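Following this message is one structure expressed as C-alpha cells.
Letters are used for the chains, namely A, B and C, taken in the order the chains are written, and counting of residues starts over at 1 for each.
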Amino acid sequence: MKRNKENILICSVLFLLSMCCIVPLWLIISISFSAEADIVKYGYMFIPHKIDFTAYEFILKNPQQLTDSYIVTILSSFIGTALSVFIMMMVSYALSRTTFIARKQITFYLFFTMLFSGGMVPTYILITQYLNLKDSFWVYVLPHLVSPWHIVLLRTFFQKQPAALIESAKIDGAGEFRILMQIVAPVAKPVIATVALLGLLMRWNDWMTALLYINDEKLITLQYLLQKMMKDIQMFSQNVENLPQGMSLADLPSESARMAMAVLAAGPMLCVFPFFQKYFAKGLTVGAVKG
Amino acid sequence: MPPVYGGGRELTMKKLLAAVLVLTVSTGLFTGCIGTKKTSSGKKVPDIIWYYPGDKLTDLTLVQDEMNKQLEPELGIWLQMKTVDSSAYKEKMNLVVSSGEKFDICFTANWSFPFMSNVTSGAFIPLSELIDKEAPKLKQALPEYLWGSTTVDNEIYAVPNYQILPTWFCLSTSKELKEKMNFDFSKIKDLKDLEPYLAAIKQEEPDLYPYMPSYSNVEMKYEQIYPTDFVVVGKTDSGIKAINRFELPEFKDYIKLMHDWYTKGYIRKDVVGASSDSSSLLNLKYAFFWGTIKPGGEIENMQKYKKEIVDIPMCDPYTQTSATARTLSAVSRTSDYPEKAIKLIEKINVDKDFFNLMAFGIEGKHYTKVSDNVVHITESTGYKMDAWKFGNQFNAYYKEGQATDTWEKTMKLNDESTISPIWGFNFNPEPVKNEISQCSAVVTEYKFLSLGAEEPDLNYSQFIQKLKDAGADRVTAEVQKQIDQWKEKK
Amino acid sequence: MKLQDTGQISVKKGRRTNTATKKDNFSFFLMSAPAVILVLIFSYIPMFGIVLAFKNYKYNKGILGSDWIGFKNFEFFFKSNDAMRITVNTLYLNFLFIIIGIIIAVAVALLLYEVKRRAAVKFFQTTMIFPHFLSMVVVAYVVYAFLNPSFGFVNNLLRNMGQNEISWYSKPGYWPFILILVNVWKHFGMDSVVYYAALMGIDNEYFEAAEIDGANRLQQVWYISLPSIVPIIVILSILAVGRIFRADFGLFYQVTMDSGALYATTDVIDTYVFRALRQLNDVGMSSAVGLFQSIVGFVLVLITNGIVKRIDSNNALF
C-alpha cells in the first residue's frame, strides 16, 4: 500500500512538471493558429479567437524550397550523427581503458578544444579557403563530427562497465575493437542512444552553418530557412513591393509565423524522440559475466 | 557462454577498423578535391563577382545572361551577381572580407556591412584615380557634392548610388482619424504641441495607443556622428561644435515629457518590450507615430498601411553627411580586375537601358511598357530586383501607379535641402575605440529613458555620470579635434 | 563479489589481463585516430587565430601581417565601470544554474526511474524535453506573455486577486529568480534524459539484492542509484565549470528584452561585449574577451579536476 501512495506521489510530481512544459507549448500552438489581427486585438490567448492558417500558408507557400530543406536537413543530420557516433564511440572506448598508454594525453588533447577556440574568422578561413567546403553538403557533416562533451559522456559510461566483462572476453582472445562492438556497445545502448539523440538534435537545430557557408538555396537547412523567413517578414514591412500577391501588410503573420516556425522546427524531433526511447529500456542483461 | 570470437574473425574486425580509417581520411581528401571553387563560370573572359543583399530571384540567371550579352563584347567581362540573404549580409560579408575571398564589387552602406569601418580595415580600394582614368563619365553622371561622403583622406572609396538624400522627419497619422477627430495640425511645430491631440485620442479612442515614442527635438536639430552613439553637431551650426547629445537641454526636456506622457497614459504601458511589435504599427494601432516625408511617399504609405496617411513635418529637409552612405558600391581589394569593375559600375550608372534591364528584367517577359517611361510589372514575375542597391535610381522607369514626376521632385528636394555643415567629414574612431565601446554599452543600457517608462531625474543623473566615467568627454574632444583639422584642410 | 570471482578465474588461467599488449595499444591508437585527426583539423588549426586577440586586425594585412598591440584589445573590457558587475553576475548566476540544474535534473531522472509503466515514462519524457527545442527568441515571447505589464498572465492574476501589478521589465530584483526558473525549465528535461540513461546501466541485481535485504525505496536510491551516477554528475559538473564564464546569450539578451533597467542583475559578460562592440565591429576586441573567458574557464577546470582527483581519481576528467 505504501508503494502505491509513493507511486501516486511520484507520478503527480512528474505530471505537474510535464504540465509546466506543455502549457507553453499549447500557447505557442494556439498563437500559430491565430490571425495576426486577433493577436493585436486580444493579445496572446490559449484558444485562438478564430482558427487561422495564414501563418502556415505563408511558410508553406514554397513547397519546393521546403522539401529541399527537409531533405538536406534529414540527410545531414542522420549521416552526420551516424558517422559521429561511430567515431566517438571508438575513441571513448579507447579512453576508458586504463591500459591505453596515451589515455591521459588524448583526453586532455580533446578536452582542451572545448574551452579554447580560434574564433569565427580563422575557422571560416580554414573551411572556405583551404578545405573548399563553401556551398558543399559536407560542410554540415565534417566540422562537428567530434564533440568532446559527448565523448566524455560515453567514456564515463564505458568506464563503469565491470572489468570482468572485458577480461573474460580477452581471455577468449578477442581484440579491443571486437570487444567494443560485440560486448560493450550492446550494453551501452542507453548512453549511445542518448549521444545519438543529442547529436541529432544539435544538427537538426543548427542554422549557423547554413548562414555562414551556404549560398545555394538548394542546400540550406530547415532551421536556417525558418530563420530566414522570419527576417524576411521583418524586411517586408520595409519593402512593401516584395510582398506576395494578395497579401496586405497588416495581415503579415509575424507573431503567428514566429510561433508556427517554432512548431515546425520542434515537431519532427519530438516525433523522433519516442523512437530513441526504446533504447532506454531497463534490464539489459549483463548475464554474460555470470556464466 | 559460447565463444563468438577468436581466430579468423579477428582479422575481419581489424579490416573493418582499417576501412573506417581509410573512409575518414579519404573523405577529407575527397572534400579537398570536390570542393574546388565552383565560382568560375568557365568563360574565356574574366568573371566579375558582385555581392549584394537580397533574395535569390528565380530568373536571375536569365537576366544576368542578357546583361552579359552586352558586357562580354563591350567590356570583356562575365558578370556574376551573387545574392546574399539580407538578414545575414553583414555577418557573411565580414567573413568573406576577413578571409580574403576573391570578389570584385559589393554593396555597402553605413547601416549594412558598414562602409567606414571597412575603409579603415582596408577592405576597399581607393577609386579616385581609377575613375578618372577608366570611367570618366561616371564622375560627370553624378552631382559633384555626392562624392563628398565617400571621400576619406582625399580618396574616393565607393560609388554612391544616387537616390533620395534628405531626411525629412514627420509625425504621421491616418487621414481617417484626422477627419474623425476634426484635427487641425497647422499649429504643431514642436513635439510637445502634440499633447492636446493625444489627450483627445485617449478620451475618444480608448482602443488606440495615442503615441509611439521614437524621435525627439534632438534629432530635429542635431546630426549624429557615427560610430559614436552620442556625439552630435548642430544642423545649422556653422561653428561646428561637437556636443554630447545627452547633455543637451532638449534631451532633458524630452525625457521629462516622455515620462509625463507615460503617466498620463499616452504611451503604452508595456512600451519597454514592445519594440518588436510591428503588427500594431502596421495595423495603425498607434494614433501618432514617426516617419519621413519623401516624394512618392504617399503611395508607399498607401501600400503599407492600406489607408491614407497624413504627414506633419517636424523639421526641414536635411541631408546629413552620412546620407549618401545609405547605398554604395565599393570595389574589393581582392579584385583582380579593378579597372573592369569600375567600368561596369560606370555602365550601370550611365546607360539607362542597361540599368533598367538590371532593375526590371527582360521586356515582355518580366514587364511591359505602358508608355515611354512607365512599366507594368508582369504578375508573378520571376524577377523583382532592388535596383537602388546598384546604381542611379533616377534612371529607373516608373512603376505603374507612381507619379511620373517623382524623380524630378526628388532631385529638386535633394538640391534644395539643407546640407550638413560637416558634409564630407568622416570620423575615424581608432584613437578612442575603447571609450566608444564603453559608451555604447552605457547608451544602450539607458535607452529606456527615451521611452518614458521610468522616472527620469535620478536615472538621468546616473546616466550622465556613467557616460562621463566611460570616457564620453574624451570622445567628444576627439571628434572636435578631427572636425577642426578637417575644417582647416578645406 | 563477482569481480573477485572473475579475478580469481583469470589468475588461475594464468593470463595477465591488466597490462595491455602492444597489439591492444595499437588497436586503441587506431580507434582514436579518426577523432584525433578531425579535431586537429577543425579545432587546433584554427586555434592560431587566438593571436587576433593581441592584434589590430586589418584585412589588407591579414591575420599574420596585422600589427601586435599587446593587451590593448582587452582594455575596453577591464577598464569599464561595468567590469565588476558583469563578472559577478556571470559567475554567480552560472554557478546557481549548474547547482540547481543538476539537482533538479537528477531528481527528475530518479523519479522517472521509479515509474514502471513504459507509456507513462514516454509521455513524461517527451513533454519534458520539449522546452529544449525552443529557441530563446520564442522562449522570450512566452515569458513576455506572462510578464507583460498590461496583458501578461501574471499581472492579470495579480489584478484579479486585488494586488498591485508589477512592472516586471523594470525591476531588476526579480530577475535572478526569473532567469534561474527559465534556464532550469529549458534544460531539465534533456539533462534528466542523460542521467536517466546512466541509471539504465545499473544492474538490476543490485536492486533485487537490496529488496531481499529489506531496503526501502529511499535507501535504494541513496545507496544504489545515486552512487552509480555520481561519476557522470561529477564529470558534467567539471565540464560545466569550464563554461562558467560564458553566459547563454539568448537567455540574458532575449528573455530580458534587453531592458536596460534590469542590467544591474542581468548584465553578463557576453551581453556587455555585444552592446559595446555593436557599432565598432572589432574582431580583435571580441577575440580578446573570448580568450579571457576561455582562460578563466580552463583554470577553474584544472582546479576542480584537481580537487576531484584527490577524492576519487576515477571520477576526474583527466
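One rule holds for everything that comes next: contacts are C-beta pairs under 8 Å (C-beta built on N, C-alpha and C of every residue); 3 or more make two chains touch, one makes a residue touch a chain.
Since this is a predicted model, take the numbers as computed values, not measurements.
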item: Chain pair with the most C-beta contacts; value: A-C
item: Most distant chain from chain A by Cα centroid; value: B
item: Cα-centroid distance, chain A relative to chain C, in whole angstrom; value: 16
item: Averaged-CA centre spacing for the pair chain C and chain B, given as whole angstrom; value: 38
item: Rounded Å distance between chain A and chain B, as computed from the means of their C-alpha atoms; value: 35
item: Residue list for chain B, restricted to those that touch at least two other chains; value: 14, 17, 20, 24, 28, 98, 100
item: Set of chain A residues in contact with two or more other chains; value: 87, 90, 121, 125, 131, 142, 168, 175, 177, 255
item: Residues of chain C touching at least two other chains; value: 27, 30-31, 34, 38, 41, 148, 151, 283
item: Residue numbers on chain A that touch chain C, as the complex places them; value: 3, 6-7, 10-11, 13-15, 17-18, 20-22, 24-25, 27-28, 43-44, 87-88, 90-91, 93-95, 97, 99-102, 104, 106-119, 121-123, 125-126, 131, 142-146, 148-149, 151-153, 156-157, 159-160, 162-164, 167-168, 170-171, 175-177, 180, 187-188, 190-191, 193-194, 197-198, 201, 205, 255, 258-259, 262, 265-266, 269-270, 273-274, 277, 280-284, 286, 289-290
item: In the complex, chain B residues that touch chain C; value: 14, 17-18, 20-21, 24-25, 28, 94, 97-98, 100, 114, 117-118, 120-123, 226-229, 268-270, 272-273, 333, 429, 433-434, 436-438, 440-441, 444-448, 453-454, 466, 469-470
item: Of chain A, residues touching chain B in the complex; value: 36-37, 39-40, 86-87, 90, 120-121, 124-125, 128-129, 131-136, 138, 142, 168-169, 172-175, 177-178, 181-182, 211-212, 215, 217, 227-228, 231-232, 234-235, 237, 239-242, 245, 248-250, 252, 254-255, 288, 291
item: Chain C - residues contacting chain A, complex; value: 2-3, 5-7, 9-10, 13, 15, 17-20, 23-25, 27-32, 34-36, 38-39, 41-50, 52, 63, 108, 111-112, 114-115, 118, 120-135, 137-138, 141-142, 145, 148, 151, 185, 188-190, 193-194, 196-198, 200-201, 203-204, 217, 228, 231-232, 235-236, 239, 242, 283, 286-287, 290-291, 294, 297-298, 301, 314, 317-318
item: Chain C residues within the chain B interface of the complex; value: 27, 30-31, 33-34, 37-38, 41, 57-62, 72, 75-76, 79-82, 144, 148-152, 167, 169-170, 257-261, 263, 267, 272, 275-283, 285
